[in-house]
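In what comes next, subunit A is part of two complexes: it sits with subunit B in the first one and with subunit C in the second one.
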Partner chain A sequence: MGWTGKILRIDLSKGTVKTEPLNMDWADKYLGQRGLASKYLVEEIDPKTDPLGPDNKVIFATGPLTGTCASTGGRYSVITKGPLTGAIACSNSGGYFGAEMKFAGWDMVIVEGAAAKPVYLTIFDDDVQIRDAGDIWGKSVWETDKWIKAAHQDPMIHVATIGVSGENAVLYSCVVNDLHRAAGRSGVGAVLGSKNLKAVAIRGTGGVSVKDPKEFLKATKAGKKVLKDNAVTGQGLPTYGTQVLMNVINEAGAMPTRNGRDVQFESAGDISAEAMAEPRRSDGHPNLLTNQACFGCTIACGRISKIDETHYTVQNKPEYWHASGGLEYEAAWALGSATGVKDLEALTYANFICNEQGLDPISFGATVGAAMELYEDGVITSETTGGIELKFGSAEALTRCVELTGKAEGFGKELGMGSARLTAKYGRPELSMTVKSQEFPAYDPRGIQGMGLTYATSNRGACHLRSYTVASEILGIPEKTDPLATEGKAGLVKAFQDATAAVDSSGLCVFTTFAWTLEDIAPQVDAACKGDWSVEKMLEVGERIWNMERIFNNKAGFTAKDDRLPERLMKDAAKTGPAKGLVATVDKMLPEYYDLRGWTSEGVPTNETLERLAV
Partner chain B sequence: MLKALVIDPGKCTGCKQCEMACSLENEGVFNPSKSRIRVFDFHEDARFVPYTCTQCDEAWCQQACPVNAITTDAMGVKVVHDNLCVGCKVCTIACPFGTVNYNASTGKVIKCDLCGGEPACADACPTDAITYRDVEQSGYDKMKVWATRTSAGTESHGPNTPA
Partner chain C sequence: MQVKLKLFASLARYLPDGSERNVARLDIAEGTTIWSLLDAHNVPRGSCHLVLVNGIYQGPEARYNALKEGDELAVWPPVAGG
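On to the complex of A and B.
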């Protein structure tokens, strides 16, 4: 109930497909999706394994609420060891693919080994095949989606695929499903590429049932009302998308700009949600056409945009004149603020290409930002870049880079390494805005101190989705804390981390937590799943997951030394805004955080902690 | 009053709550592939369109059925009787709109029956893209929008307005 109770195990080296029952003891301890699949991964792979070698595994995992009518119940995750970071990776996506996996009858698909030649998987209910991908290797996400539906004469198939970037081992390649929803971070797409696995195509005709349908309808209906009545989930997100944050974060002085040289972007307004909704001067139409929901979502924050046909990026390229996934806040920030580019149409084009080629726009944009600083400092020249004038603010440079990176052509090949490896190669590692080699996103810890600790301790490298303390520090959810203060933040970060791990593992979207607490979520899980799912149990599961991920990373070679922010954030004070004169002070918070976690001063979970959580 | 499902694609976000509500009501599980209502995603045009049976007055499915398994109830709804349906699928060919479909797991055809007067899809729709109301006033909202536009720019100079 909730779970289908079945998993698929596919060995690409041997070409075999096996089914096995879901380990229900683990499901009771790790719930589903992120937690449960991570449990399988840590039990089955050597933490020191090469992420791009055949011994790494990649797991597509749903949660027990995926494929139900719970609002946002359509999520799935891709879990593996990430090539960008070398840490455990879990990248979460929406769209319709995850729910379709449940309807086909599977909680998880575990892929092991590597195929000798390019292949794709078809999962049509119980009929599972490994098929030759010779015709789609080298094709884009959009072409692959179209090709698979045509080849199997079934427009209702949902496809998760890599673009050429995943084939070319770009270290921040995504897995993209439903054309523009992505398991985006840590390079999970490159892992598929290393296995010669182009795509997974799913069609399901079975049903998902829940433990107590009557209670479930009651709990989910109550949850939907809370989302509808909340200003963020009921109005802000559907109207403006996550881009509602652009002006807010900029005014808070927490907008990392031009590779973190500044904390405010003078042109934030030009690339904001408000700008997307304004009719353009050029053609009188707004960039934003409509919002879109992922499966089961009653918030509907997705952006559907159309680029101005006369814009230089798409002139004479009618293949880009249709509507597709538009800018979310993180993408607008990375492609825009991090590079200093204020041309909304150019950013939308870059975003389209990221979707089409399967690139994580956060790491891509931030890497371009770092490369621009190398260029402006004279460390690299137009000779290095193949003639691109890589100056901050240059839309032409940004769009040229995005065209080259997925294809691993010219300077794009260097950009595809990510900023940590790129800046190290040119002797300026301090210019990489990363933790554990993963680029941090759109919140500057100098202006939102809790995010410094969030980035430093995130188990998948710098990330906002592991503990979104922005909610508390800026938006006042569930209660307002001072973004410039460090007191109390260790506890805040831990609380957000544990709760988020539980939410991710349920199959719901973390955006619900702008309105929902575990008090809203636990009854939905409890009505769907066998067992007793209280708030306390959810939190314990979340904490257990967090520790399990940490142990994996420790065994992979990470230590407390890796829980640190880029030097710039700790040394160069914010120049403007409310945080003017401040640096990120993660060092003050870390010891308290380790202590609260029940870890040693070296960041290692104590035996007592492990016993308490039964990890 | 006869009621009908009134669909406004402009309000649809593509969330498929209607498909889940429909399949739960009719199949007891969440299973969009067995939903009587379907949301179409015209991705490149940024449009989502829910579509289902509109309960034709002269229903071609009904007329084509060789065993009279489709009857009309008091509310004008065309209802398939599983005990009579032989799964010949002729109705699926006769229906011009594709809204009668064969269910391989039961060997019968399925179509929208408005859930006996309380359609689950309309209840589940979070944006009112699907509503259930007076069939004779299904154009009310559109008329209202156009009425507003028609009066735009005009001042109120009715016969009773003092000059």
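On to the complex of A and C.
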């Protein structure tokens, strides 16, 4: 019925593996993946627990549509208390790992405790083992993936693993699956590292049953037609990927540049989707080889790139000459615009290393941007950096930093703390472009006001994927709103947050929502899952999830004072573009947002709200 | 008067010869509108989804307005990312 109805519970301290039935009452209220796993987490851990201590838990969770023939039905999430933020963390990934978990017969894998020595987990259908990881501790994501498949003589195994950065508690380390898809944000990889859990390897040979197979095929076929016929999901994303936004956002004057000093990057064209498709002067080949799809996806927005073999980053390094995961927009922005680096091949190399060693390129790039500002202001010197001339625009500095941070060596250890802790250490906390200690992504709230409220109120720290109002404010999806206006944005942000929470709990990719509304998604969920899954119920589930996450964060110690943007965005006006002279004005929107949410002026859900949503 | 025409993604094919990475520097007559400039370069109106002048969105009606000296017109087909 969409769900397998079974979960695995692994206690690494005791070395035990248990199975238990899925709580179907909770499934009816929280659907799956983000919502349902977050419900388990908030019920089972103390919100004040140390994210890197043994009392934190980490949950790998699928949605009811994961592993089905619904388009994009391959998503899974990693849910835990995040070490970068101290808030609830939920990082969502594609690839094939999530579907394989369903094929093996599991909705979720809950990992608790901590192993005394490095281990990895194998889940081969019902055969679940905690195994010694002595041979792969200290290895990269790519080496680990290869080693596990060889050790078990099965190339069909799908692996989710941490790199060396996760072992060394880099606070924005990821869990990477299928070599270059990642549960990327908030440092979920460091939580695995703290538990001495290197990897989870899964092979499943079963299938996924649905409530009404005929209706499900009808609903999913209709959904695929909508995606195919839509110009964005049918043509734009497969051809250009998310990177097509590089020029859009720059023209709109909302491109955070050089750690937010500017809102437009003069070299955006050099690192754009269009540039990736152009033949290089050096070897005549384009950076971009092809696109790629995750499990079951009919959009296929993924980028596969190959670095010029003569580029300084990979000369005499044939291990980086193969095709691999290329630049997506957020990565290209963080590694490029945020640092002022315009060398597309260097950015691609840095992106490869982020995948190889399991780093979130958004937080990494933004942290390098902050460090460059510290360096240019004379707060840190080449003595601090171990000889790196950490100037804005230096490709060499960027690529050296990614090598060091990936292995948590030298100055990379400091960069691995993230920009909030780094800038605080050197007495300049105002230079950290973060909310709740998480670096914000590729949209400057001075030029897209709704994204300011999005960042300020995101339950996992600054993030674009919790309410992507860029769709409306810039791209006109589903309808165009003025990016420089604040009126109406509180309602827009809330609507995006609730709908996205529901989609994130289904097993589907949020990128479908460039074409689908919940009117397209609810029939697919309803045909797969027990119960009555209307649009109204999906929205109620989304709102319930949002409030549950908020309550966890409040109990963890966050207050309304944490719903604020970096001082720079609120005091230093944009220098160029349509937003010239404007600052981000979240304070204007927050009271209305709290009111619409049914929260007090202190950002706390009222009893009436909690009763209405049955949180 | 001088303006810049910027065509991105699949619309780049309509850029005139001599354009540099999605940008054409053009000398146009006073009174040339957004639509008339795009028509002159055979850009299909139905493909012009996101139309910005100096970074500011131009709705369907505004596309009949005349361009001014120094304006930068940037156009995309339906695109998204994130």
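Everything below uses one rule, namely that the second predicted complex is superposed on the first by the 615 of 615 C-alpha atoms of A that agree within 3 Å, B and C clash if a C-alpha of one lies under 4 Å from a C-alpha of the other, contacts with A are read in each partner's own complex, and residues count from 1 in each chain.
The criterion applied here is as follows: a residue touches a chain if its C-beta (ideal position, glycine included) is under 8 Å from a C-beta of that chain, and two chains touch if they have at least 3 such contacts.
Quick caveat, the model's predicted, so the values are computed rather than measured.
After alignment on the shared subunit A, the placement of subunit B and subunit C results in a side-by-side fit free of clashes. Of the two partner chains placed by superposition, only subunit B is touched by A:Ser324; subunit C is not. In the superposition on chain A, A:Thr16 makes contact with neither subunit B nor subunit C.
For the three-chain arrangement built by superposition, the Cα-centre angle with subunit A at its corner and subunit B and subunit C at its ends equals 80°, in steps of 10.
By the touch criterion defined above, A:Cys69 lies against subunit B but remains apart from subunit C after alignment on the C-alpha atoms of chain A. Legend: residue contacts after superposition of the two complexes on their common chain; A:Met156 is shown touching subunit B, with no touch to subunit C.
Contacts of A:Tyr240 after superposition on the shared chain: subunit C is touched, whereas subunit B is not.
Once the two complexes are laid over each other on the shared chain, residue contacts for A:Thr606 go to neither subunit B nor subunit C. After the two structures are overlaid on chain A, the closest C-alpha atoms of subunit B and subunit C sit 18 Å apart.
The interface of subunit A with subunit B does not overlap its interface with subunit C at any residue. Interface of subunit B with subunit A (complex): residues 13-17, 20-21, 23-24, 27-34, 43-48, 124, 126-127.
If you check the complex, the residues on subunit A that touch subunit C are 230-232, 235-237, 239-245, 247-248, 251-253, 269-270, 273-275, 278, 301, 328-330, 464-465, 468, 470-471, 474-477, 480, 482-483, 510-511, 514, 577-578.
Residues of subunit A touching subunit B in their complex: 67-69, 71, 96, 99, 103, 156, 179, 204-210, 213, 217, 224, 228, 238, 289-298, 300, 304, 306, 322-324.
Note for the complex: subunit C touches subunit A at residues 6, 8-10, 12, 21-23, 49-50, 52, 54-57, 59, 72, 74, 76-82.
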